[in-house]
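Presented below are the structures under discussion, each in the form of structure tokens.
Note that chain A is present in both complexes that follow, paired respectively with chain B and with chain C.
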Partner chain A sequence: MKRLFKRFFLRPELSAIIILLVLVVLFESLSGRFLTVRNARVILGVLPELGLVALGATMLMIAGEFDLSVGSVFAIVPMITALLARLGWNIWLAILCALLAACVIGFINGWITLQFAIPSFVTTLGMLFAVRSMTVVISGGFPPPFPENAPEWAFTEQLGIIRVSILWFVGFFVLATLLLRNSNFGNWMYATGGDPAAAANMGINTHRVKIVCFMMCSFLAGFAGLIQLFRLKSALPSLGVGLELEAIAASVIGGAALTGGIGSALGAVVGAALIRIIDNGLVISRVDANWFQFAIGFLTIAAVIFNAQLRKLARGMKVSV
Partner chain B sequence: MKMLTVTVLFTLASAFAQDALQITFTHHSSASNTFWQAVQLGMNEACELIEAQCDMLFTQTEGDANQQLANIEAALARGTDVLITTIVDDNIFDEVIAQAQADGVIVLASNVDDSEGAAGNSRLAFIGQEFRSAGYELAQGMSELFPEEGPIHVLVGISAPGQNWSETRGGGVLDFMADYQAANPDREITFERIDSGTDLAVTASRIGAYVQANPDLTAYFDTGFWHAGVARELESLGYAPGEILLGGFDLVPDALQGMQNGYIQLQVDQQPYLQGFLPVIQAHLMDRYQLSAWDVNTGKALIEPEDVDAILELSQQGYR
Partner chain C sequence: MNPATTPLIECKQLEKWYSGVYALKKVDFVLYPNEVVGLVGDNGAGKSTLIQILSGAHLPDGGEVLVEGQTVRIHSPKVAMRLGIETIYQYTAMVHTMSIARNIFIGREPMRWQVGGVGMLNQSKMRQEAVTAIRDVDLELRSPDALVGELSGGQRQGVAIARAMHFKSKVLILDEPTNHLSVKETNKVLRFVSELKQQQVSGIFISHNIHHVFEVCDRIVVMARGEKIAELVKDDTDIDTIHRLLDA
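Right, the complex of A and B next:
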């Protein structure tokens, strides 16, 4: 039993799940309208976008790096898709091309970071500005029209209280979980982020692992942007501004460590859900929504402290073998 | 007895809160944008008059249409009776507004409308400025201050590329410049646009750099009020007032100060207080007396430096 508790307390996403449950109860008791079908539909409609970005950011953080350019990649993928569609390209080809561009941006982020041994903070900060500027330049200021033949059914069609985007989100979540928990590559990611020197000594190609993680992170950010394009039906150049910090906050709240080697796909999902629930709950409960950023900041710190205390508690538990 | 009184008062207060019209104003700006303080003041004072329960929902970052949509959906989920919103994009809000109206919510647009007006969105009315003509008249008014001889070079700062309000105002300025160019075929007249940002410091720095590279700049038009930062930048770069003409929108205190210093020559007032006050009153009349909604052009008045003293105090109080 004690062993079970110890394993439970060591789960990185535990504190976020507890906070999530507390907030759900709090918002429902304040508003009486939080746990309604309609509001669930609202939250589930917007969750996949931040959730996918947080999923990519978490996997990259597990490998010991992070990416500040995700908000800009989130904007440029819909922009490329809409512009190519306007030029008469087949919509699926346009989507494929835009997602490929996202992967290329991820590759460049990783290659520059590792080739020149500079912090990913610097590389991706530069990429954040460069890609945002490219988005504005290629759009010419005006958002291109939403493609008429766009396959909404494949991305954002409403199915009862959920949208198709939730299915994509769940699909990517399952894939990420399998990758992290049941594959060699997942083990390499944890090893690379936890102790890169030891991982390299074990024969893991840490550079390759990190570059793949950079590319997955950019791909998921771009895919999330695509979902937002289909939901909003507008490829604004300003999509995703500030999203990078929300994604990092979601990852950290979900238990990922900035130092690498710790984190989980479930944590990313819970972290993203927490942010979206706070955003929605403050409005529903008629609390001044200008407190949103305070709440996120406070929770980020609180979740990390809470996690650290739970780990300390778990490590202090004596389990007989 | 005390307990009974408290219970009765609590019940009455709850009943009042249930009956009061619930009005939500959502828009695309953050709480740090001073323009919206005047709109909020107008909304709050109207809400006090009609004893409605009102909220204004800001976004975390300037121009975040996605968060604005999320705020609208959350407000509808909590059961708001009236939705007042800005329509900064021609597509994003169409579906949610149509659904809200189908659910019996009164929806009014304020400050920014669909670029196609009522044809582009099912909102019942628009209370705000007609952007294109305001931009056109700003440039037309400023052209009277252009030098009578020599080349003219104009820069138009699009504060939020892709957003209706900014693009349409900028489009109005550019339309006038095209007409001005056509009317003066013998003069060298050039004009271009720049992504100028929605932050005083960012706009100041970008236009400051532009001026270094283009010392022949005649005038800079901003589609918001961020040229107030440019006024300070020009002063620090050693330019004399009026050496580069500055014009833009909204009577925020920073812009009025720029006019007093002589660096800003012309400003368009769209009366933000009315954009908060009037939709609330309209919604109240529609709800109580089943009156229909009506459009209001809250203004395109050109304000010159000599008008500033009379306006400054009211601006600082949030009414202009």
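Right, the complex of A and C next:
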């Protein structure tokens, strides 16, 4: 029994799940309209965008780095897609090229960080500005029109209570979970983030592991941007402004450690869900929406403290797992 | 050639310099099957550089390394491990945030299937073999799922040694394995090391503590300022001699 508790307390996403349940009860009792099909539909419609970015950010954080440029990548991928479509490209080819560009940005982030041994905070902060600027420049100041006969069915079509985007989100979540928990590459990610020197001593090519994670993170941010393009039907150069901080907040709330080596895909999903639920819950409970950022800020700090305390509690339990 | 006399590792005239300063100056070093060699010397004597070359962290700038009579180029830790040389570093042997089972198999995971080197772990095999590996070095184990960060320093050394034994290493390099350990745990680690030979494993034992070196080693190599200044058979020397060499 005690053993079970300890295992449970050591899960990185535990505190986020507890907070999630508390908030669901709170918002439902405040508004009486939170737990309705209609509201679930609203939340699930917007969740995948932040969720996918958080998923990538969490995986990168597990490998010991992080990425502030995700918000800009989130904008440039829809922009490239729409521009190429306007030039008469096949829409699928345009999407493929745009996602490839995202991977290249991720590669550059990783390569510069590792080659020059500078903090990824600096590299990706620079990339945040550079890519945002590129997005505005290539747009020519006017957002390109949303491609005609774009395949909405593949991204955002409403299917009853859910949109297709949720299926993508669930798919990527399952893939990320398998990668982290059940693959050898996941083992290398945790080792690289947990102790890069020890991982290297065991023959892990930590640079390669990190670069792949940078690329996955950028890819998912771009893919999320694509989903927003299809939902809003407009490739604005300002998409995803501030998203990097929400994504990092989601990862951290979900139990990922900024120092690397700790985190889970489920944590990223719960962290992102929490942010979207607070956003939505405040509105339908008729709380002034300007409190949203306050709530996220408070929650980020509280979740990390809560997590640390739970871990300490678990460590103190004199029982082996 | 009689295989019993072919050295497991032979270094000839090894040289290494960092920004113009010698870290190793024409060092010869030999390790035979079934022996434990102690490597002693002050900080900056070249011990670390020597083991870093043998474990694939650095390439030498001059000289050559032979493993079982063959000239080799150990350009990465993977190559060293493939040659049967396993190094247990003082601080960076294990990832503390990971479980024992996962630590044992970092980089050498048993797989169910894989494509191009990446695939699905065989986790039940990992856990089972972790339990066996640890039992084989006489460590009272908790579950293979326990985090390495929760173990004591001595237990951690034990797990690292278990890992090396599990992968049938021929040479185990131990970097200050008794530092920061309690007396009881130190004795345990020393016992591990002295039992290596029963399992046909040779060892290189680096330590500041000459008493520990004397307890487990057959030969002692003394280094200073990047050079080998003495090589002594334990039975023909004593602790005072070594101390005098080190203080000189």
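Everything below uses one rule, namely that the second predicted complex is superposed on the first by the 319 of 321 C-alpha atoms of A that agree within 3 Å, B and C clash if a C-alpha of one lies under 4 Å from a C-alpha of the other, contacts with A are read in each partner's own complex, and residues count from 1 in each chain.
The rule we apply is simple: a residue touches a chain if its C-beta (ideal position, glycine included) is under 8 Å from a C-beta of that chain, and two chains touch if they have at least 3 such contacts.
All figures in this text were calculated on a predicted structure; none of them were measured in a lab.
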Touching partner for A:42 - first (chain B), second (chain C), both, neither: first
Which of chain B and chain C A:136 touches, first, second, both or neither: first
First (chain B), second (chain C), both or neither touched by A:236: first
First, second, both or neither for A:171, with chain B first and chain C second: neither
Contact breadth on chain A, by residue count: chain C or chain B: B
First (chain B), second (chain C), both or neither touched by A:188: second
First, second, both or neither for A:279, with chain B first and chain C second: first
Touched partner set for A:204, first chain B, second chain C, both or neither: second
Residue ranges of chain C touching chain A (in the complex, touch as defined): 55-57, 76-78, 81, 87, 89, 91-98, 102, 105-109, 111, 114, 117-121, 123, 142-143, 145-147, 150
Contact footprint of chain A on chain B as seen in their complex: 31, 55, 57-58, 60-61, 63-67, 69-71, 73-79, 89-92, 94, 158, 160-163, 167, 193, 195
Interfacial residue positions of chain A with respect to chain B in the complex: 31, 33, 36, 38-39, 42, 45-46, 49, 136, 139, 141-143, 146, 228, 232-234, 236-239, 241-242, 279-280, 283-284, 286, 289-290, 292-293
Of all residues in chain A, those that touch chain C in their complex: 7, 10, 178, 182-188, 190-191, 194-195, 197-204, 261-262, 315, 320-321
